[in-house]
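Shared between the two complexes below is chain A, which has chain B as its partner in the first and chain C in the second.
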Partner chain A sequence: MKMYIKLFLSMTMLAFLSQSCEKSEEITTIDESIDYFDIVDKPKDKWNELDYLCDSIYKAYGTKVIYEFTPKIIRNGNAFYYPATYDKSLAYTRLMVDKFWLKPLKDNFPEYHSKETPREYIIMGGYYHNTPVATNQGSGAGFNGQFYRLGMGGINNFDKQNKANLHDHLVILWHEHAHNQDVKYGRGPLFDNISVGTYYKEQWSTKTLAQANSDGFFRNYGGFAPEEDFATTVEHITRFPENTVTTLINTNDKLKTKYNFVMKFYQDKGLNLHRLQVLCDSVVYKTNY
Partner chain B sequence: MKRKQKIFITTMLLAMLIFQSCEKYLDVPYDNRLEIKNDQDLGALVKDSYPTKMDMFTDMLTDSYFIYPSLMQSAWRPLYTPMYLFDDEYEANLGYPSPATAYTHFYNSIYDANYAIENASSVEGNGIAKDVVVAEALLVRAYSYFVLTNLFGKHYNTSTYDKDLSVPLVTEVNKENRPVFSRGTVKEAYDLIEADLLKAISTYEKHPSYAPTNPYQFTIQAAYAFACRFNLYKGDYQKTIDYANKTFTATGLVLRNIPKDIELLTKFGWAYFLNQMNDPSTHPNLIMTAQSNYIHYPTGNNWGGFFVSRDLVTKITSSDRRRTYLNNAGTVIDNANYVAKNHTSWGTSRYIMFGTEEVLLSRAEAYLRLSTPNKAAAITDINLFKSTRYSTNAAVPTSATDAQVLEEVLLQRQIEFLAEGLRWYDVKRLGLPVEHKLDINSSKVDARLEPNDPRTALQIPLNARIGNPILETQLNPR
Partner chain C sequence: MLAVLLFALVSCEKDEMQIKKEDIFASVDKKELDLKEALGATPEGWVMMVKGTASRNAYFPIIMKFDTAKNLVSMVSPFGIQANNKSTYLINRGASGVVLNFSGGSAISALMRRGAYLSDITDYQFNVLDVKSDTLTIQGIRSGPSYAKEGGVIYKLFKKPVTWNWDGPLELDFRQTTNHVYINKWSRVNLKNHLSGDSLFVLLNINPNSYNQASWSVTDAFLSDASSRVFDPHFLMNGTWMEAATSSATAGLNTTVYGFTQGYNSLTVFQTWGSNTLNVNNPLFNTKYGFSYLVYNKVTKSGNNALIELEAYDKQGKPIVSGVYTVYP
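Moving on to the complex of A and B:
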């Protein structure tokens, strides 16, 4: 008799648990609207040349290049991202992503690469709409303040013959990556207090470069806010040769303090920004492609 | 037999022990509440009765702010999005600043003030000291009703004020189980506030050495500043000027030294700057309140969701030292600014209840609204004010018309009181239109508040109607 009671209780419990599971499944539907990008694993029999390239990049560097997605409205109004054309995406991925960014990074700074490289890289056709920065050559368009994802806009304007633009784009890519690093580790109040109370805010575009340097910013956009101050410091060191940077920072104590802060910030993680500058310059201006 | 004796004795001893315990237990108040025995207890009760700036949420209702949903904490959207659209059907949530929390908060103050006023005569202590404490309680009650009336009633208007509803005007401690209270009129409310205010000022003036000097209590100068604001809202401009003059006579006309503040900011950073922003030992505020930072979070933080109107930001020119208070939220593409006058981390901040700047700008406005406007005096006031706010000469010329000077005074009020919770009352009394968009980049206006709009009287909140059902029959018209 006891055995029947036990069996009855067990069956009842099982029925109860099964019912619970069913209900749980009903409420775990995924709301696709919460992700900006519909990332679909395309079947291999439908892969094109770029898919194969992206796959090889992923296997070599651990970064997933995303070039196909539904245009997404972000934030408010008609501000949205849309993908680049296939041909531009292919050329861009081949040159900028693979040869200019990831390969030199992994070859020269393997430890930094393994720890600090974004897991996803988004290729956007145009720029962020409806903003004063829409014409910026290398707008990162606002979503680079994340731990694992980086993206660059304006790829539909990609031109492998225009070396100046390529170099600018590569330097801005490192500027955008600096935002990731900032979010991940935090630049902290020591950096923020260097220029605290003197940021231009939305009036940054009215300032000249000379004024910005004099006020302790590497360029006027750095005067917008501390996070851009940090990123433009990285950008400046990555853009110009060491002696040029040294000359400038010796004119202003704030610039020198920011320089020292940022150099150490990166050096502690295994990346020497002066060496990175040499690499950026070299891959764009001193190699054939 | 012996066993029975033992049981009897033990039972008796236990009974004695139990009864003795009960007696002592009942000697102690069951909830540890303060017993008002003397004038010092009375003073402690009144100190505890002070309201805080629970009406600061009104900034989001004004033309000084716009909503930016992607930079708003998600939990606030059901509460603040309808409020921003002037919709009464916002989330019934008492966890965040709203009309519902303000209603409860100010009535708590009124209850304590009423208790002090009602029991003052029966406690021991110095008669003058008790009179002054009662005067302070009257000021607390008057201020609380002033805020409640201006939140939930229409603005003071002599052609309709005897019909416009304010809030229930309770002046006694409730002694019934669940009484109901009908709403008074705006006229009745203003009469009560004025009577309390004048009686309190009279007592303070009679016994100045007994009046509080603590910057977190109503001092004589703070009472004058309150009377100044009261008369400005009431439209009695000569009295506005008179009380402004009395304020300055009592405390001097000292305005915030912004360059000195900025010096601290550039030396020590935001945390220190915001901590000392309203430090009473170095700043000339007339009365302050200390309260949890969350009170200003919707409009004073980078994830608050409400940011300074882009039009207004352009009016805060590069020579305006108050630009320093502006901080960017989000990224450059968001173009969203908030004003930092208090900590942006969790904790407690000091907030201004009445400041010298407000009194000066009220006087300047009042000079212009006299039946015979005194433009020269108004220009003197506004130029004194602007000389402390701008790094370059921004003086209003003597050739400016009355209307131009008034426009300048009102603009300075709008900029100066950003993140201080005063703009909504200016929107009401000046009959300013307000347009709110859910998408700041769109041309579509989602809510429009017309001058003297019925919705300028916020609806009596749900929690108040549940506790006092008669209010269901006295809701503000829509």
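Moving on to the complex of A and C:
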């Protein structure tokens, strides 16, 4: 009996105590209504010249150019990327984003533009780094893991006098966008089966262009893995005139199959890659800026 | 039973001490407001003393001037010169409170990228720990590599001391050949070390060397990659440095060539990149003399002579050495 009383007493005590503790548990320091990592739009009275430019680009093309890094942009614990300087960001956005990328895209492929253009475009001073200090191991030209967001690096090197670099950057932008498209739709087993079992993996950089071409890759980096194979195929057709591409694919059946696959992949969505090549070439080499 | 009771009581006692969330949010709001006010109320600028690491064991000042109307900040430092040193900043809310975020490319992101090779900066986003009218205490969110603990070095920013003048217009930019009349010949540098009380008399001959070019030089400490290319390409000069016995001695006691780069109104004996003689000598400079840069606190030009008042600072911004540079008559 004594034991029962003891037990009863402890139960009551416990119940009382746990109830009184429960009350304090209601107090939490997390306010669910606040998204701490949200991008807070700057009030208009704080806008600088670049903010106005980004706003007009957003209104015209529906793409938000992000040049300032917030905790939301830097989401990944093992990724390191660094914002570009203000003056380079401004010059880059004006020329590369607006004149070279979005305007020709919307003017020439309005339907493709409205369906397939990333909603966020992030510009980085350097590249995408997997290391915190000054080594370039594991760096990427851009990032493209989500189909709504594209990022391009190297903006601190932007120089509008260097047309060859501008053209290369624009073509790489389309390479990164190809990853977006791959993520969104999937290149599928048909593409992967073309070169299955023959990828170079980390040995890609030891291969020459001629070797890569004869192995069925548009360049050595395309031999790294299927996703880069897909993106470098897009890149090659965007970089070189149609007759140069035709000459190359006639030397190798795998190249021809990949070419046909990629051309159809884009054509089905409303983009002719040969026409895109002509546009990229002409905006960089045949316009004044 | 007693143990259970005691345990339960103790755990409840903690709860009584819990802070209400309204109080927390109010304190975060207040901190944010205080920060905005402090930045806005200090047109002379805030000073962040950044510790050089590796062979640069000295504190480098970065003077930051905040334009709170447009959220822009300009920075000057002995690390280098920027033709356009305007960058953006934001005051964000992080999970742990107010974050001062140097959101655009700046000296801070450049130094972060170069890591411990150049400085102790490990992030360009800082948790704001404390705001007072004359000091801001901030801490980098990251401390270094991936998965390293949160929280880097804690910096106590202070208002720019009234005796500091080197953040004015750019003087003696040696990239301009018109300013070469003040170098390329023997000059005297007479310094006083305020820590030891010793005087240091030096005969110095500074020559722009063959590394100088408008494009990125292989010797530039910020060359490594585009992420850190925020400063203009560096301007490297060979400085032939001879200690002398007295302030008027005409012969030196020993000769060493150091590499001087241009900071903002300053000469810096800085880390260069790659292997060269300067990179052997430069790290020894700080070990020997206890400073790594000299700012031009005042420049007086007369004809082909210039009198430059020089200073270097400690962690609190007090001069550790001061003196003058004059062209040798």
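The definition used in the following text is that the second predicted complex is superposed on the first by the 227 of 289 C-alpha atoms of A that agree within 3 Å, B and C clash if a C-alpha of one lies under 4 Å from a C-alpha of the other, contacts with A are read in each partner's own complex, and residues count from 1 in each chain.
Throughout what follows, a residue touches a chain if its C-beta (ideal position, glycine included) is under 8 Å from a C-beta of that chain, and two chains touch if they have at least 3 such contacts.
None of these values were measured; they are calculated from a predicted model.
*Asks:* Given the touch rule stated above, what does A:F224 touch, chain B (first), chain C (second), both, or neither?
*Replies:* Only chain B is touched by A:F224; chain C is not.
*Asks:* Who contacts more of chain A, chain B or chain C?
*Replies:* C
*Asks:* Have a look at where A:K46 lands relative to chain B and chain C in the superposition and call it first, second, both or neither.
*Replies:* second
*Asks:* Looking at the overlay, what does A:N193 touch: chain B (first), chain C (second), both, or neither?
*Replies:* In the superposition, A:N193 touches chain B alone.
*Asks:* For A:F69, using the defined touch cut-off, is the partner it touches chain B, chain C, both, or neither? Pick first, second, both or neither.
*Replies:* Only chain C; A:F69 stays clear of chain B.
*Asks:* Looking at the overlay, what does A:P104 touch: chain B (first), chain C (second), both, or neither?
*Replies:* neither
*Asks:* Looking at the overlay, does A:G216 come into contact with chain B only (first), chain C only (second), both, or neither?
*Replies:* In the superposed model, A:G216 contacts neither chain B nor chain C.
*Asks:* With both complexes superposed on chain A, which partner does A:G154 reach: first (chain B), second (chain C), both or neither?
*Replies:* In the superposition, A:G154 touches chain C alone.
*Asks:* Regarding the shared-chain residue A:P118, is it in contact with chain B (first), chain C (second), both, or neither?
*Replies:* neither
*Asks:* Of all the chain A residues, which ones make contact with chain B and with chain C?
*Replies:* On chain A, the overlap between the chain B and chain C contacts is residues 77-78, 130-131, 133.
*Asks:* Write out the stretch or stretches of chain A touching chain B in their complex.
*Replies:* Per the stated touch rule, the residues are 75-79, 128, 130-131, 133, 141-142, 145, 189, 192-193, 196-199, 201-203, 221, 224-225, 227-228.
*Asks:* Quick one: in the complex, what on chain A touches chain C?
*Replies:* 6, 10, 13-14, 17-18, 20-21, 23-25, 27-29, 31, 34, 36, 40, 42, 45-48, 67-71, 74, 77-78, 80-89, 124-127, 129-134, 136, 139, 153-157
*Asks:* Of all residues in chain B, which touch chain A in the complex?
*Replies:* Touch list, chain B to chain A: 68-70, 262, 265-266, 268-271, 273, 313, 318, 323-324, 326-328, 330-335, 337, 439-442.
*Asks:* If you look only at chain C, which of its residues touch chain A in the complex?
*Replies:* 1, 4-5, 8-9, 11-12, 15-16, 18, 20-21, 24-25, 69-72, 82, 84, 86-88, 90, 92-95, 99, 101, 103-106, 109-110, 112-117, 122, 124-125, 142, 144-147, 224-230
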